[in-house]
Every structure is written in C-alpha cells, then in structure tokens.
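Here the chain labels run A, B, C, D, E and F in written order, and each chain numbers its own residues starting at 1.
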Amino acid sequence: MKNSDKEKIESIIRIRKKAHTYFLKKSEVYRSFTDMEKKTFREGKLSILNKELIAAGISVVINCESCMEWHIRKALDEGATEDQIIEAIEVALEMSGGPGTVSARFAMSVLDFYRKKEKQ
Amino acid sequence: MKNSDKEKIESIIRIRKKAHTYFLKKSEVYRSFTDMEKKTFREGKLSILNKELIAAGISVVINCESCMEWHIRKALDEGATEDQIIEAIEVALEMSGGPGTVSARFAMSVLDFYRKKEKQ
Amino acid sequence: MKNSDKEKIESIIRIRKKAHTYFLKKSEVYRSFTDMEKKTFREGKLSILNKELIAAGISVVINCESCMEWHIRKALDEGATEDQIIEAIEVALEMSGGPGTVSARFAMSVLDFYRKKEKQ
Amino acid sequence: MKNSDKEKIESIIRIRKKAHTYFLKKSEVYRSFTDMEKKTFREGKLSILNKELIAAGISVVINCESCMEWHIRKALDEGATEDQIIEAIEVALEMSGGPGTVSARFAMSVLDFYRKKEKQ
Amino acid sequence: MKNSDKEKIESIIRIRKKAHTYFLKKSEVYRSFTDMEKKTFREGKLSILNKELIAAGISVVINCESCMEWHIRKALDEGATEDQIIEAIEVALEMSGGPGTVSARFAMSVLDFYRKKEKQ
Amino acid sequence: MKNSDKEKIESIIRIRKKAHTYFLKKSEVYRSFTDMEKKTFREGKLSILNKELIAAGISVVINCESCMEWHIRKALDEGATEDQIIEAIEVALEMSGGPGTVSARFAMSVLDFYRKKEKQ
C-alpha cells in the first residue's frame, strides 16, 4: 500500500532545503525573513514549545502542509506529547470546521512520520 | 498516461478513513464535530441535495480537494446530475475567478472518477 | 441604542451603487465580470433560489459582508424563507467553525434588515 | 478624538450576544457548535491559557476581529500578561507578514480596551 | 450624505500610526518585519512603482483595506495614474471574481480620497 | 532522485488543458470567464509583463500552484528575467510571511522548469 503522505513529507523536506539555499543566496528580503523567524521562535515570556503549538494551530487553519511538518516537528523537538499536539489541532478544528479536519489528517501523518523515525 | 487526479482521489479517501478512526478515538472535539456534521447534512427546509450543492460550491471557492470529493460524491448519491453540479461550480467560479478554475478542474476529476466507477 | 450593522448594510448598498457606475465606465474587465455574473445567476438546471443559497453559503465562509447582503437579499427575492437561509448558513458554519459564527451574525443582521423593510 | 476601535469592540460584543441568543434558539447546528467550543477550551494536556493563545494567534492570521476580541479577553482572564499576548501575536506576524500587522493593530486595541476597563 | 469610506480611511491611517509606535517599542519581531518591508519596496530590477502595483493587486485579492490604502497611496506617490491603478485592480478582479469587486470598491474610495486631498 | 515538483508542473499543465476543453464545452459561465481573462491580460496602461508580475505576486500569496505555473511562464514569455520574478515573489513574501516561503518554493520550481526547457 502506497503511503502518499510519507512521500509528501519527504518531498516537502527536500524541496524546502533546496529552496532555502536558493533564496538565501538570491533574496535579501528572504534573508530578512529568516531573521524575523529566528526572533519569533526563541524563548521569551512564552516557551518555544508554546510558540510552536501556536504556529501548529495556525498551520492547520490555513492548511499549510509544509508549515505543519515544520512546526509539529519543532514542537516534538521541544518535548510536546502527542496529546498536546492533538489539543492544538483541536483549537484549530474549532476555528475551521470541516476543512480543518482535512488539515488535521496531514497533521496526523506528520505525527506518525516522526514517531516512526524515532523508533528506528 | 498517468492519471494523477485519480491517484489523488484514492489517496484522499484512504487517508480520510484512517484519520477518521484516529481522531474518533483520540479527540472529543472531533467527535463533537461529527455530531455537528450530522446535524448539518440532513433533510430540513432544504433538501440534502441542496445542502450538498452549497457545500460543493464552498469547497471549490476554498479549494478544499477533499471537501470536493466528499460533497460532490454526496450530491451524486442524492441524485444530482452532472449539469447541476456544474452549475454549483459556476456559482463558485463567479465568486473566485481564475483560482476557482483551478479548483473546478479537480471537481471535474471527481465527477469523472465517480462516473467511471458507476459504469464498472 | 446604536445599530451599527444597519448602518453598515446601508453603507454597503450606497457604495456598491457608486462603484458599480464607476467601474462600468472605467473598466472593460469589470463589464466582462458583470456578464459572467448574469450568466451565473439565471434559471438553469438549478433554480435561481438554489444558486443564491450556494452563493450565500460561500459568502459566510469567506466572510464577505457585501456578498451576504447581496445574495441573502436575492434569495429572499426568490422566496427563500428565514429557515432556508439559516440552513444555508448552517452548511457554512459546518465548513468554517468559530469564524463562521462571526459571519453568521452579519447574515442575521441582513435577514433582520430586510424583514423590517418588508413591514414598512 | 474618535476611538473607532473602541466602538467596534463594543459593537462586536453587543451583536455577538444578540446573535448567540438568536442562533441558540434557531439552529441545532449552532448548538452543536457551542458544544464543540466547550470541549475545545477546557483544561487538558494544554492549559486553557495556552489554548486561548493558540486561538489568539489563529485569529490574527485570519484577521477575525471578533475572534481576537474573544480569545485575547479569555487569555487575559486566564492571567496572560501583555507580553505573552504580544508574543502570540508575533508568531502570527511571522506567519502572515504585512496583512498580519493590520490584524495586530486591532489586537492592540483589544488589549488597550481591557486594560482601561480593569482600571475603572 | 455620510461618506463612511472616508472615515474608514482616516481611521486606518490614525490607528496604523499609533500601532506602529506601540509595536516598534514592544516587539523585536515587528522591528524585524519593518526591515523586511524596507528591503522589499526599494528600487531593484523592478521599479518601486511596479512593486507597489503588485502589492495593490495582492491587497485587493486578500481584501486588506489597510494594505490598499497604503500601497495605492505609495503607487500614487510614485506617479501612478488612475488608469494604471485600475488595471492593477483588474488583474485582482480576474483572480478573485465577485468578492474582488467588493475590495475594488474600497480601492476606488482610496483613489478618490487622495485625488481630493491633492486638490486642496 | 525524484523531482516531485517537475511531475506536479507537468500534471498541472495536462489537467488544465483537459479541463479547459471540458468547461469551454459545458459552461457558458466559464466561457465568459475566459473573455474576462483575455481583457485583463492585454497591453494597456500597464504592460502585459507588469500585469503578469502582479498576477504572479497574487498567486504566491494565495498559494495557487497552477496560477504560479501560468503567470510565471507568461511573465517569462514577456521577457521577465529571473531577478524580476524574484522581486515579485519578494513583494508576496512581505505580504504573507512564512506560508509565503512555501509558495515561493514552488515558484522557484517553476522558474527551474522553464529554464531547463529553454536549454533543450
């Protein structure tokens, strides 16, 4: 059985890396964005974990699959449990209804992808 | 020739089922959503068919491919003709312009997918 | 007590008229859009009422207040009852969650606005 | 000097209440939504505060003013400091760019509104 | 006759200024965003005018009124004619349909606002 | 190594053609849309190139991959350089933040796709 979400996740990771190199070289605006990114996701009055969960919730509502892959992974890196990520997804569900359930599926695939990687 | 939309539709159906089982078990918010869903798409002052066509139009405008697969299929189940579904798509086109034509293509693939299934 | 939605509705109607005249004169693309609009909302395999209800549902999901004013009014003109419009709003609620309840409020104000006008 | 955001906030609160009563009475789908809402925003593996901050971040990205009013207020009720709310807004800014700064202004007005109320 | 769009434009300008001061002081992420903004809208391989017209088109499609006020004004500052701005709006109309006509109205009000200011 | 974006681009082109034929035959609303399209993207007070760059910027912000493929290609046909297209993408980045970087990746793939084709 094909696992199309696994392929999608691997493709997201691969293309993100390639594009990151390209835009870092080509675009000062992009470099400025990466500065903004660093300043956003660092320890502050909110923990990095809490910020990544906010970002995960946003990613589900706007159905940005690459953002889900990124922010759910970062949340896991910060020690988030599966249940905590599900509760962040639930907030997003409440704020997007049916289409949110579609994004939530991909979020589940991301969770699954990193759980399996861990076990290897 | 590859039929990438056919594969996409089959993948949508497969992952939806898997995620449905997962979230039903894991999330009370999701279970509450399924209750809301049931209450929405039942016969009322509007027929189920009319409700599914509203949902199909919304799906095209927000370019939710999984929603298109679901609501167009349900509309077909309620007896919708191809022409009726095209008219629902037309309302969505008028309310989304060029990007709506992109969603409309997927809606066409969904129509095609279920027509072929019927003939089998 | 101030009724800010009533003012908003009256302002939408006034500015729409003014802009319609302006763009009809200035923009061939706009004139082409009005042709597309006419071809969309005419009797076909779906009734005008059904089309307007699809458009109303879309309007709620994308939170377009001017679209709600227009399509709910048109649906009322085609004989829609309050309950039918509420059911179209319900489909939109299921497909947008919390933010949809915000749009639904404006839809309610539009219903209220035209009910009061009728009684005068 | 007119404070148009203050008026807007008061209007949001007033119309939300009126619409809440209306839809509770009229729509079973809406009642089901309020159940989903309750199940989402209760203590779980994430605190209510963390959930409200996720919701606040989502509200900024989708520019839902009523959602900002609601979730920022709830976050304040849960003891959020101004700095914590700003950091939630920052996550939203990173995920929406220029248009996010527009929503952020309204979020600031909401903060201002409840700070002034507190002092009364 | 009330001109609600004129009031809205003046309110946008006033609140933007106030929020700009607030976030500049409070948020390093916001300061980083302003750096990104400066790097975006400067002469490059595209003129500032062309960039502002791209931004104006985006603003219409996402219906960001504050963005329209800002980027149409900047385009006018760079010497854009009314016809050029209308053609940028037309691209947006083609890419958003009916809801784009709603944004286009506000764009028209912005054009009107700055034309009247010029004459004073 | 798999090039999933190359496959996606080829699939977009193939399905667009098929759907274009289908909707031209089936939908008068679609035919009216193509008229609107033609009137939008012709030489006017703005060059076709400038209009295509506006459309490219919009496509990135709304993350419409098919729109990116179409309008970036058209911009290249009108003589756009890679740097000019990157600057259009930069405007979009400023107006969408992190999710815009995801769209920008696909825009890069489109640039890459047509550069390679040229060399053949």
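In the analysis below, contacts are C-beta pairs under 8 Å (C-beta built on N, C-alpha and C of every residue); 3 or more make two chains touch, one makes a residue touch a chain.
Only a predicted model underlies this, so the values are computations on that prediction, with no experimental measurement involved.
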Set of chains adjacent to subunit D and to subunit F: A, B, C, E
Far-end chain from subunit F, centres as C-alpha averages: D
Interface residue overlap between copies subunit B and subunit F, same or different (over half shared): different
Chain pair with the higher count of C-beta pairs in contact (A-C, A-D): A-D
Counterpart interface for C-E, drawn from D-F, D-E or A-E and sharing over half of its contact pairs: D-E
Geometric centre distance via CA averages, subunit D-subunit B, whole Å: 31
Subunit C and subunit D: spacing of chain centres that average the CA atoms, whole Å: 26
Overlap residues in subunit C, where contacts from two or more other chains coincide: 29, 33, 36-37, 39-40, 62, 67, 83, 90, 93-95, 97-99
Chain contact topology (line, ring, star, complete or other): complete
List of subunit F residues in touch with subunit B within their complex: 7, 11, 15-16, 18-19, 22-23, 26-27, 29-30, 33, 36-37, 62, 64, 66-67
Touching residues (chain side subunit A, partner subunit B) in the complex: 1-2, 4-5, 63, 83, 86, 89-90, 93-94, 97-99, 101-102, 104-105, 108-109
Subunit C-touching residues of subunit B, taken from the complex the two chains share: 36-37, 39-41, 44-46, 50-51, 53-59, 61-62, 67, 81, 83-84, 87-88, 90-95
Residues of subunit B defined as touching subunit D within the complex: 28-29, 32-33, 35-36, 39-40
Subunit F-touching residues of subunit D, taken from the complex the two chains share: 93-100
